[in-house]
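The same chain A turns up in both complexes below, where it pairs with chain B and then with chain C.
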Partner chain A sequence: MFSSFMVNTWVAASIVAVVGGVVGFFVVLRGSAFVAHAIPHGAFSGAAGAALLGLNTVFGLGVFALAGALGISALGRKGRHDVATALGLVVMLGTGALFLSWSAEYAPQIYALLFGEVLGVSRAELWPIAGLAIVCLAAVALLYRPLVLSSIAPELGEVRGVSERVIDTAFLLVVALATAMTVPVVGALLMFSLMIAPAGAARALSDRPGVAIACSIALALVTVWVGIALSYAINWPLGFFVGTLGAAFYGLGRLIGARRRRIASPVA
Partner chain B sequence: MNALFAPGFFTNGIVHSALIVGAVVAVVAAVVGTFTVLRAQSFAGHALGEVGATGGSAAILAGTNPLWGFIGIAVVAAAAIELLGVRQPRSRDLATGLVLGAGLGLAALFLYLGTTSQSTTGASITVLFGSLFVVSMQMVPSIVTLSIVALAIVVVCYRRLLLTSLNPDLAAARGVSLRPVSALYLLALAIAVSLSAETIGAVLSTALLVGPPAAALRLTKRPIAALVAAAGIGVLATWLGILLAYDSYTWPPSGRGWPVSFFIVVFVFCFYLLAQLRGRKVTRG
Partner chain C sequence: MSARVLEGREAPVLSLRDVSADLAGRRVLDGVTFAVQPGEFTALIGTNGAGKTTLLRVILGLQPTSSGTVELAGARRGRRSVGYVPQKVLLDPDMPLRARDVVALGMDGHRLGIPVSPRAGRVRRARVEAALASVDALDFADARVGTLSGGEQQRVLIAHALIGEPELLLLDEPLANLDLRSQHEVVALLARVAEQHRVAVVMSAHDMNPLLPVMQRIVYLAGGRAVSGSTEEVVRSEVLSALYGHHVDVLRVHGRILVVAGEGDEPVRPPGEEPGSVESGIVSVP
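Presenting the complex of A and B:
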């Protein structure tokens, strides 16, 4: 399990979990789970397109993730946000269906892109993942205060000169960046599970942003570590473990949070 | 004429069943979808379609008709969303996401087990992307029956559904209890979405559920007119998509034809953009 080729996997998955935990906190805070699902899922089409042209899949993922983020944010200005997200997602996936019909890509490779493939991360792939992770975390650190303010109290943010529109677009771009780096490892479908489940549990446990972010990172790390160990041991897909463990952690977090609140305020 | 309708379009049995099933599914999706858009629940609609794919893959694994797998899981997922999601929109969003994540995790497992035991590697792609051209005539009766059930729920609850969608506070003040209406609506949504996900793919089901109603609501504010317009746009986009997909068998690069889902999505999106332009003109007067 800790042989040399697995070391890259552990490192890559840990980086992915840290970014997922941090970005996920804001996804949950802003109630934008749909966008967090739509961007990675839609970006999968970019990977299919890149495979068709013989390019690196991370490049295709990045282009589609960024285009999707900008498109959803532009559409969302004029209509309802959830409608814009749904339409952005289906347009990207429709294009993906077209690419898939053109290419002679083997189904297992597509399956790996959708549901994750951690057992084949090479040393050369680690550098782009680490680089994108640093950019992502730096962007969140820069945006931290306005992002928290506009997520909790958008009106107050506007008064203070924090434009909701700018923050929203910037945030979507961060999600897109996180997508491009994580999809090849955990897969397009489970990436968002890693973002929202630990963060949702953390939110139930603590109201203080700093504590909640730390909790969210810790839970995300435990999720992927346990997931990889089990996936290695019984050979089931990592996505299954990430999806179900995440939901289980969230359930636990809600239970503990609810009990704590009952003890803290016995009158209510 | 031949340039537009490739030879055999009107005599081909597969095209006929695709046109019929496509129209039925588009109408149900448009009617249920109008309330989905009004209630801002596109995410739930999309999630139910994708989670339904879990049931579809489980049914393929068990060797039964995927349609029942789709419906069964979608109804369970709808109940889970209803129970987990408190009335606050943000926790509802999170609840939907978690149900979707757990469902997709299970889908990953079932597809994996399915591919290792039966070597049907195409299953994940069929379940997710589907095709109207593989719908057989034998499925038409069950599709029509389920469509009638979904439409009946909407018709029976129409007034309460509309009131709770547009103004939940007023509805509560008038003594309409929100919970049963919301649960019934989610049931209709689960049926509509799994119908369309099974027949045309999980991807397209979201397109037909959200796109035509969103376009129709841009054009008119009257509920009945919006329902009719949404159904019309949905059927039109589906039929145009089938027509082009049929024509595309002679197009480059491969001679296998372009996917019908791609065309329908493109038409739905174009109609939405057109409606947005027109809607703006109407409001400017």
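Presenting the complex of A and C:
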């Protein structure tokens, strides 16, 4: 389980978990879970297109993720972009279906982009992942205060000169970036669950944003570690473990959160 | 400060001259003129749709004007000096933020990066503490902000707006959705803040009565037009009739002011009344 071949897997999955935990915190805070669903899944079509043209699938993934993020941002109004997100998703998935139908042969490479091929990460693949992760985390650190402020109420940011439009677009680009780096490793499905479940559970665990982000990272790490170990041992798909573990953590987090609230206000 | 005192009369913190604004082709503000002096408590009174929120957004620079000028004292000195508490902000109880985090963002929420300097951190904490103390919010400073009551959240948002030490504090319907006791608490708090911090308060409301004891100026908005002055100057039958465009009576009952539409005229909807409560052509402000 810890052979040199597997070491790359552990490292890559850990990097992905940290990014998923951090970016996910803001996805959940801003109520953008649907966007976090649409961008990775839509980007998958870009990979299909790239495979068709004989290009690097990660390149196609990145282009579609960015285009999707910018499209959603341009079509959405005042931070509400559920309809724009849905449209972006169906357009991208439809295009993906077309690309796949044109591909003469069945492409396991593209299939892996949906469900991940975490058990086969090469050393050469690690560097771009690490590089994109650093860019992603730096972007979040840079935007941290305006992002939180505009999540409380966009007007509070606007009166301080924080343009909601700019912040929202920047945030969607961060999600796109996280998608481009993580989807080749864990797949679109797992990236979605890593961005939602740990962060959703973490916000119930602490009232302090910094601590909640740390909890989110920790839960995401535990999820992928346990997932990989179980997947290696039992040989069931990793997606099953990450999905169910994430949901279990989320349920547990809600329970603990409800308990904390009762203790905090015994009268109520 | 001393320079301004030497001039005899202090320059207004806010002055609007003949301001008009349009929303989607409709004139929402029509020739609004008034000025607010430093530390003054101003009530912006009008019905839903009278243009209160648009007027506040114009002052904040979030809504462009079609004509007229808006002058802010702070803006002239190149410093943003307006605190703002928006309407009906209901904070999400799932949001992992304490009251003190929300207040701290009032100071530096627009800045990029994460603050790391321990010395700056201490200064920051002290300022947050002081802002929380000035709105009596120290008791729930560490509580999750979304789980606080409406009145408590309002106080946190006021501290958020005050921590930047503005010369002008704008509040959009801060009494909406509050019970009577919380309304009185918030009004008393705002009056105290205006005096202690020497910040001019401009708050909108659809009912002037809770504000009567503290307000020094009223800006009465109807149909996008405004009259401004002391309560005695503005809340009079002739003045309001001219503003509404038909006869309105002003009654003073048990220290409360009722604005009543005249008999035979088309029913007016003075502030505080929904269309459903119009009875026999007479409408009143509760």
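Everything below uses one rule, namely that the second predicted complex is superposed on the first by the 259 of 268 C-alpha atoms of A that agree within 3 Å, B and C clash if a C-alpha of one lies under 4 Å from a C-alpha of the other, contacts with A are read in each partner's own complex, and residues count from 1 in each chain.
The working rule: a contact is a pair of C-beta atoms (placed from the backbone, for glycine too) under 8 Å apart; a residue touches a chain by one contact, two chains touch by 3 or more.
Not measured: the values here are computed from a predicted model.
Trainee: Chain B versus chain C on the shared chain A, clash or fit?
Mentor: With chain A aligned, chain B clears chain C, so fit.
Trainee: Please state, to the nearest 10 degrees, the angle that the Cα centres of chain B and chain C subtend at the Cα centre of chain A after superposition.
Mentor: With chain A as the vertex, the angle is 90 degrees.
Trainee: Please name the chain, chain B or chain C, that touches the greater number of residues in chain A.
Mentor: Chain A has more residues touched by B than by the other partner.
Trainee: Between chain B (first) and chain C (second), which, if any, makes contact with A:Phe26: first, second, both or neither?
Mentor: Neither partner.
Trainee: In the overlaid three-chain picture, which partner chain does A:Leu156 touch, first (chain B) or second (chain C), both, or neither?
Mentor: After superposition on chain A, A:Leu156 lies in contact with chain C alone.
Trainee: Give one of first, second, both or neither to describe whether A:Phe64 is in contact with chain B, with chain C, with both, or with none.
Mentor: neither
Trainee: Determine, under the contact definition given at the top, whether A:Phe171 touches first (chain B), second (chain C), both, or neither.
Mentor: A:Phe171 sits against neither chain B nor chain C.
Trainee: Check the residue A:Val242 against both partner chains and state whether it touches chain B (first), chain C (second), both, or neither.
Mentor: first
Trainee: Using the superposition on chain A described above, determine whether A:Leu89 touches chain B (first), chain C (second), both, or neither.
Mentor: In the superposed model, A:Leu89 contacts chain B only, not chain C.
Trainee: Could you grab the smallest C-alpha gap between chain B and chain C in the overlay, to the nearest Å?
Mentor: Across the overlay, chain B reaches chain C at a minimum of 7 Å between C-alpha atoms.
Trainee: Across the two complexes, what residues of chain A are contacted by chain B and by chain C?
Mentor: none
Trainee: Which bits of chain B are touching chain A when the two form their complex?
Mentor: Listed in rising order, the residues of chain B that touch chain A are 37, 40-43, 45-46, 89-90, 93-94, 96-109, 111-112, 115, 121-122, 124-125, 128-129, 201, 203-204, 206-207, 209-211, 214, 218, 253-254, 256-259, 261-262, 264-266, 268-269, 272, 276.
Trainee: Which of the residues in chain A end up touching chain B in this complex?
Mentor: Residue list for chain A touching chain B: 28, 31-34, 36-37, 78-80, 82-83, 85-87, 89-91, 93-95, 97-98, 100-102, 106-108, 110-111, 114-116, 187, 189-190, 192-193, 196-197, 200, 236-237, 239-244, 246-247, 250.
Trainee: Okay, in this complex, where on chain C does chain A touch?
Mentor: 60, 62, 80, 82, 84, 86, 89, 91, 94-98, 101-102, 105-106, 108-114, 142-144, 147, 160
Trainee: Please give the residue numbers of chain A that touch chain C in the complex, ascending.
Mentor: For this pair, the touching residues of chain A are 29, 141-146, 148-149, 151-153, 155-162, 202-204, 206-209, 211-212, 261, 264-265.
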